[in-house]
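Chain lettering (A, B, C, D and E) follows the sequence in which the chains are written, and residue indices restart at 1 in each chain.
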Amino acid sequence: MNALVPFAPVLALSLGSLGYLVSGQLLERARLTSLFALGLIGAAAYLIVGLLPTAPTVPHGFIINDFSKFFAILACLGAFVSVIGTASSLAGEKIGMLSEYYFLMLTSLCGALVMIFASDFLTLFIGVEVASLALYCLCGARVTKETSSEAALKYFLLGCVSSAFMLFGIALWYGVTGGLVIAPINSSGPLVILSFVLMMVGLAFKIGLAPFHLWVPDVYQGAPTSVTTYMSCVVKVAAFAALFKIALNAFLLPTEWAVGILWFLSVLAMTVGNLAALQQRSVKRMLAYSSVAQAGYMLIGLVVLGDTTSVLASSVFYLTGYCAMTIGAFTVLSVLGPDADSVDDLKGLVKRSPFLAIAMTLFFLALAGLPPSMAGLMGKVYLFTGALSSQFYGLAIIAVLNSALACAYYFRVPAAMLFQAPPTSEPVRVSVFSTFALTFCVAAVVGIGVYPEPLVELCEAVASAAWRQ
Amino acid sequence: MDPITSYLGIACLLFTIGGIGLCLRRNAIVLFMCVEMMLNAVNLAFVAFSKIHGNLDGQVAVFFVMVIAAAESAIGLAIILSVFRSVASIETTDAAELKW
Amino acid sequence: MSFMEFVIAAIGIASAIGVVGFRNPLSSAFSLILHLLSIAGLYALLGAHFLAVSQVVVYAGAIMVLVLFVLMLLNLKSESGRRIGIVRSALTVGVGLVIFLTVSGPMLAQFTDISQATLEQNIKASEGGVKAIGELLYGKYMVQFELSSLVLLVGVVGAVMLAKRKNVQLTPREGGMGGAK
Amino acid sequence: MTIAWPPLSSLIVIPALGALGCLAPWFSSKIDTKARFVRVWALGCSILTLVVLAAISRAATLSHGAVLGLEEAHQWIPSLGITYHLELDGLSFAFCLLTAVISLAVIGWSAKPASAGAGWYALLLLGESTVMGAFLATDLVLFYIFFEAMLLPVLGAMALWGGAQRLNASLRFLIYTMAGSALMFLSILYLGWNAQAMGHTLDGNFAFEITTLASMKMLTTTEELVLGLAFLLAFAIKIPMVPFHGWLPDTYREAPHGVAAFTAALLGKVGIYAIIRFMWPLFPNFMAEAGPYLAAAGAVAIVFGALVAMAQRDLRSLLAYSSISHLGFCVLGVAGISTMAMTGAVFQAVSHGLITAALFLTVGAIIDRQGSREFDRLGGLARSIPLTAFFLMIFSVAAVALPLTSSFVGEFLILVGSWKLFPEWTTVALLGVVLGAVYTLTAYLRTMFGPLHAADPQTGGDIRGFDVIVLAGLAAAIIGLGIFPADLLGMISPAVEVAAGPAIVADSSIALGFSR
Amino acid sequence: MEDTRLALVVLVPLIGAILSYALGRAAPKLAGILATAAVATSFYFVVSLWSSLEGGESFTFTLSSWLSFADVKLPLEIYFDKLSAVMCLVVTGVGSLIHLYSVGYMAEDESRPRFFSYLNLFIASMLILVLGKSLPVIFIGWEGVGLCSYLLIGFWYTNSDFASAGRKAFVMNRIGDLGFIVAMAILYHACGSLDITTLSRPEILARIPSEMGFIAGIALFLAATGKSAQLPLFTWLPDAMAGPTPVSALIHAATMVTAGIYLMARMYGVIELDPVVPAVILWTAFATSAIAALIAISQNDIKKVLAYSTVSQLGFMFLAVGVGAYSVALFHVVTHAFFKACLFMSAGSVIHGCHHEQDMRRMGGLARSMPITCLSYGAATLAIAGIAPFAGYFSKHAILDSLAHVHNPYLHSYSELIGFGATAIAICTAFYMTRSFILTFLGSYRGEGHPHEAPLVMTAPVLVLAALSVGGGLALNHSFFTYLQGPLPPVAHHAGGGTLGYVLGSIPGLIGIAAAYALFVVAPALKDTIRKVLWIGEKLSSGKFYLDELLGLLVIAPIRVLSGVFSRVLDQSVSIGTGNAIGGISRAVGELTCRVTTGQVSTYVLWMFASAALLLYCFLPVR
């Protein structure tokens, strides 16, 4: 039985979610389905914290250490909050089959956890596929809406291509080392680089880094908002965990060749994301492009990786803050209704629901890196100090100019909500669930910035555990 | 040319052909088939590497990829069906409402 | 490279080009079946017998049947409308060429000088018998094996969710296709 | 002297809590009945802030003879070396006093946009809180946070209650400021990291505290140049200096009167303050090098602002450009190591704050009454609104720096002090004295003198009630500071000397100008 | 020696200013009385201080520490010595008379409280000016009188032209003020102090580097040209006649405009640092005086004649300053205050009597209807013409005399020329003043309505001043120069005494009077002939030498153009345009970036492959 302990969270999620298939009509009540999902995620989170061994262990295909545990918790927390926040909007999105919906979401989370815990490439790949396949379906869950299917198709086809790239990278890794374990390699021959680039294409796709970001706006916009909420956080967390893991433990970054690639991706992502977002009238697309740009920032920690852990910690810190912001922002959108998307839909929101408007403003301020929701600002302090300390001045300057440019579009949504007249004075009803989720996100976004010390310390610990001891 | 390396070359070629197909074709099912071709190319490389290294890990990987491909095909075809229902076409140029 | 290998490889490449080249999806599908079979042949030649069988059963069999079923179901004609522009085709081929060269170049360079002796020895060790693979699957890769069941489950449930339509009125446009449960 | 919580923080916290308090009734349904209460509450909060500030300085003056080095320090984010460190010395005191007074005046001013309710007071109090924070913070990151934060209430109030182009104007304002501060942000981080890299910090961590950083003298010439330029860009946009003033005309045209007054009086001053507080200690060599250019920029701004102001056709634009011109004097003053000029610059900043706020409010009253801000549709109002005319005269006269008004003290000290260092640019700046008289008096002439305009509504009447108290208070402050500036000057000058101290050591040849 | 009376000298008019406005609003009649009383009280304190002033001592009073901080010491101190005493006596003495006169003159104006308030404020400012112990304090008064002048010129502000005239005065004064500030800056840095007592000490002045000494001197003179209406800044003074006549009398004749002379006298040490400066002063004064005199000949507005005459007389004073005869210049200040105030007030009575008619062509023959005014105007005319023993004779003669004793190396060879020119100007003065007298009081009445004599409250002060114009010069002649020998350098000469001297000295004035009488009474036809012959001169004179136009072309037009260019081109396109351009470009690039997302999967895949190819191509070590 002890042999199963390291797999407990994944087992709990996967076996638990079978309940949806078994119970049939019993769980078709909306409230109950959501609660069941929440319970399972909570259980998984509890198991991660409570049951997993504290010392680093490497059971079959898994690695349990502070690094993977932190990311797993983050993914669970993200899933938990997004499920709470969007539970009440599912009906509006006409997602009829709640059991399947939650089954897929939980399985997807399960896949994300596998990605996070994986200690060999094969497990990692299976994790990626579990998470992705479930998400492809979820994107198409709003069967009555054309764009939902379209998003699913695009995500599916492009996702498969990216998987193929990643798999090719894994094959090359196998070709070089003769094994599939994520373990240090003492070579930097062309095949290793090739392998890294191909895997990077796959992971950059999942993270949504330019130039592999083209699916992001379409899918974020087309997918049901509840799915987008979930996806924007959990996929990024899992993919970043995987990226950090293989980059540090397999390819032994920092290396000279990897810096160029990552620098290029990071700069391109933040610039392209911000520039493209400037023109968007659709809030979901704007947030999608913004997530591309934010991913570019988060990559900085890996680009400038020196011999200290703190730069990586800064990326982890920023990612944590970002999860709260993006979940919050998409949750607000989901509360506004299944088709709330254009900036115009948000006009005068402060008159219709001050709570939503203020929460959304705080999320946007955080994304823009402005006080009082200082999670973004502190994250940038942390990130850019790291970049400077590794003498990546150009990168830091580009990043900081980008964050200034980004204000141009981050301003638009709060401006519409707070400063323009509403088309209708009908108040927006916010369910207790959503209120809770939004309050949590607001607290996180503000709290992380105002009192970041504990999280900073945690991230330092997580970052130092990123290397296999 | 050495037989094993020629397998690798074929794998690369097939991977590329699949990619080119993805870029040129519009029918979603054909696109899906091209993806399968790319996966197969990688599988071939796996098997070749397995032979070079003299272990079976690569072949196991191929086995898992087949499993995944099966699941992928189920989902992929379901999605294509779903798209067909909403836009009465499975050509990707018709399902292009989301853009810019 | 033996003659056999050459022929099978040639068939594989030709059928791959066929998949991309045929305008009728049905022809593409049949071409793909041929392609998958030829890959299976290559597996067999490489000594991966278990995979060769699986390839025929899973791919050429199950998956392709599904594909063909859907193709028939949707009753599709050839790709209609505009042809692909010459610029785009050239670009695509160029990009493909770059990828092919950059990927295969180092790969071939790395593995050309493997001594025939080691290879012979390795080939022996990697004879992909069912037993050997089974031992790996239920031993070293047990976790992954179990996880792959989750992948299949996702496939099933996902397909059900997307295809099953509950409480949803069909719009006239999709009327003809209501039969898919 | 280090003191425990709360005195300095309370200057930030009281208005912030006040803002929250204003919002409390906003969530209730009966907003109208509580409007009066909110106003009284907001007034109470801002008066309390002023009182606390006065009490702190009084207590410190009694015990130490000068408000010097009153500090409040707490650990905040030790792992990043960021501290919560506030300091009130003469320099900060001057600006804090200005902040408290201006906030009180703007909050007390009865005319506010028609649709503005509790939010108006909340945003103004928030503005007071953040600006106060910027003037108190000595940790660079903390300063940066306040520097950005103070933008938001102003932006909000402008976007909510501004003119037709208010959203464009606020966007422009936002982008300009963010673009300016972005590189400064990076420079701050560089400084913090550099302190660590040079092994200067005790705990081996980053350091952002100004006195720590300034005492290290660890920057190379190139570093000083690059970082100094980045800082300067941020402040040049904030002040604003020509040609970085692109945000200003729109902002001042579109913002509601109170917000325009608040912005013009306080936001730009942070730039002036920060040049003395941060740039001189951190980059003494750069500042010594850049001094002549800065002086030139100041002089150019004075003349440019004045000339452009002359061409304006409406009151608010004229005030906007005159602001550029007046702040040019401050820039000229902080450009060189002269206690006299620098003290004068601080004093001028305070004085300009008072005067420009008063002018914006008075002009606001006129515009509201006439329904127009264009000169062509104003004129001859001295007869119909004599009290407004009287106050406008006082403030106009103060704006042209007539002696016994506060701005004379500032301009005089700046001009005399800078003459030694930059005679040529001081001469150019002197032209501004004449041009300033031209456009100010022309504006007055076209508004108040001449035949009564046919379109005079004859309604609305003169200013009355609380507004008279506000204007009278501001006028009293302006004239009071003009006649008895010594106490404030005595507080400012030691602080200025401390701030520019490293520069004196760095370049003894320039420091000669200091000895007199 | 501290003395509280000194503070009261300044504060009483200040309080008067406030009270006369505050109480005057309730009871308009009270305003004038209060204001006059305030100035009279001030006069009383001045006299009492003056009488207790013995030998070389002085009084000081510190009002506030003002600009004192760190090592800067610039307190707000006032200082009373003999020089200040003379100025104070004139300011408060003539000032109270003019206040009294205004009570009558402004009796019907509804804005009386404002008027008297301004007037009192002016007196207070002027007193600060002449009492200031340091240059910044003098500057307070300097600007204060400028402000009051602005307010009073534009007193009838509903007329835009009047208000503009006020603005013009203020701005032109401001140009002069630049010089004041520059001088202060130089002196402060060189001497470490701006105290006038310190700045009069030679060993302190010796610290000023020579080139700085030149600049400081010129700068101070520039300040004086602004305030005292010298070239090139004198055109504001004629325009300033837009104000009520008592204002012209008080500010633009008797007191404020002489502030420049006072400043020169106070700072003579600085002026004389470089001998070029006095030379510049002298030539400027000469040109101003001549031009103003020539313009005055052809003016038809009675106040304009007096205004140009003032400019001309101020030039005369500066002539004395230029040759270092400061007490002579001040003597002329005093006598000029008497007769010019008298002239203005008489003119005011005329205007008042003729129902606000100012054009002399529509007057004439007023000697009959307004005998007292005629008498006083005549006496003052004789005084300004320099006829012995009227007041103007002594001061003017002293100036002409001092011109003969030039020690300045730059002027030495021109002393005859200057003396001759000055005499010519004196003739001219007599000529145009006689002309104005003839046009106004002789002949027959050419206007409408019935002119009437002014009331007693107006005529009484006029008569007092007329008396002073008659006898003031004689009374002061000798004692004045000796009295001022403490604060000012001694003057070498004394105006020619004895009857013969009087007669000889009066010749230029007599020539002018005779010429005017000949042209305007005896043979008017000759006038037209001369006008035809000297048409260019006539044109220049009546066109005011086109100085306003010249100024407009050379200064105002360029500034207008610059202002337009700056605001429309530089500001709009460069400063604001750059921001817009950057915004526009990033938006365009953003648009392009979005265009990549065509919505079609094939394109996306192509992009993915192309990007992957790019990555591979760029970052693989072997290709």
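Convention: a residue touches a chain if its C-beta (ideal position, glycine included) is under 8 Å from a C-beta of that chain, and two chains touch if they have at least 3 such contacts.
This one's a predicted model, so the numbers in the text were calculated from it and none came from an experiment.
K.L.:
Touching chain D and chain E alike: which chains?
P.N.:
Both-contact set = A.
K.L.:
Look at all chain centres (mean of CA atoms) and spot the one farthest from the centre of chain A.
P.N.:
That would be chain E.
K.L.:
Would you indicate which pair of chains has the most C-beta pairs in contact?
P.N.:
B-C
K.L.:
Of the other chains, whose C-alpha centre is the longest way from the centre of chain D?
P.N.:
C
K.L.:
Closest chain to the protein CA centroid?
P.N.:
Central by C-alpha mean position: chain D.
K.L.:
Between chain A and chain C, what's the gap in Å when you average each chain's C-alpha atoms?
P.N.:
Distance between chain centres: 30 Å.
K.L.:
How far is the middle of chain A from the middle of chain D, if each middle is the mean of its Cα atoms, in Å?
P.N.:
So the centre of chain A lies 42 Å away from the centre of chain D.
K.L.:
State, to the nearest whole Å, the distance from the C-alpha centre of chain A to the C-alpha centre of chain E.
P.N.:
77
K.L.:
Need the CA-centroid distance for the pair chain B / chain C, whole Å please.
P.N.:
Going by mean C-alpha positions, chain B sits 5 Å from chain C.
K.L.:
Do you know which chain B residues sit against two or more other chains?
P.N.:
8, 15, 18-19, 22-26, 28, 31-32, 50, 52-53, 55, 57-58, 60, 64, 68, 71-72, 75, 78-80, 82, 85-86, 92-93, 96-99
K.L.:
What parts of chain D, by residue number, touch at least two of the other chains?
P.N.:
Within chain D, residues 175 contact more than one other chain.
K.L.:
Could you tell me which residues belong to chain A and also touch two or more other chains?
P.N.:
Where chain A meets two or more other chains at a single residue, that happens at 122, 126, 129, 133, 136-137, 140, 143, 152-154, 157, 161, 168, 172, 175, 190, 194, 198, 217-218, 405, 408.
K.L.:
Quick one: which chain pairs are touching?
P.N.:
Applying the touch rule to all chain pairs gives A-B, A-C, A-D, A-E, B-C, B-E, C-E, D-E.
K.L.:
Which chain C residues qualify as touching chain E in the complex?
P.N.:
Listed in rising order, the residues of chain C that touch chain E are 88, 91-92, 95-96, 98-99, 101-103, 105-106, 109.
K.L.:
Spell out the part of chain B that touches chain E in their complex, as residue ranges.
P.N.:
19, 22-26, 28, 31, 92-93, 96-100
K.L.:
Please name which positions on chain E make contact with chain A in the complex.
P.N.:
583, 586-587, 589-591, 593-594, 596-597, 599, 601, 603-605, 607-608, 611-612, 614-616, 618-622
K.L.:
How about chain E: which of its residues touch chain C in the complex?
P.N.:
Against chain C, chain E makes touches at 606, 609-610, 612-613, 616-617, 620, 622-623.
K.L.:
Chain A touches which residues of chain D in the complex?
P.N.:
26-27, 76-80, 82, 141, 145-146, 148-149, 151-152, 156, 159-160, 166-167, 170-171, 174-175, 178-179, 181-183, 185-186, 189-190, 192-193, 196-197, 206
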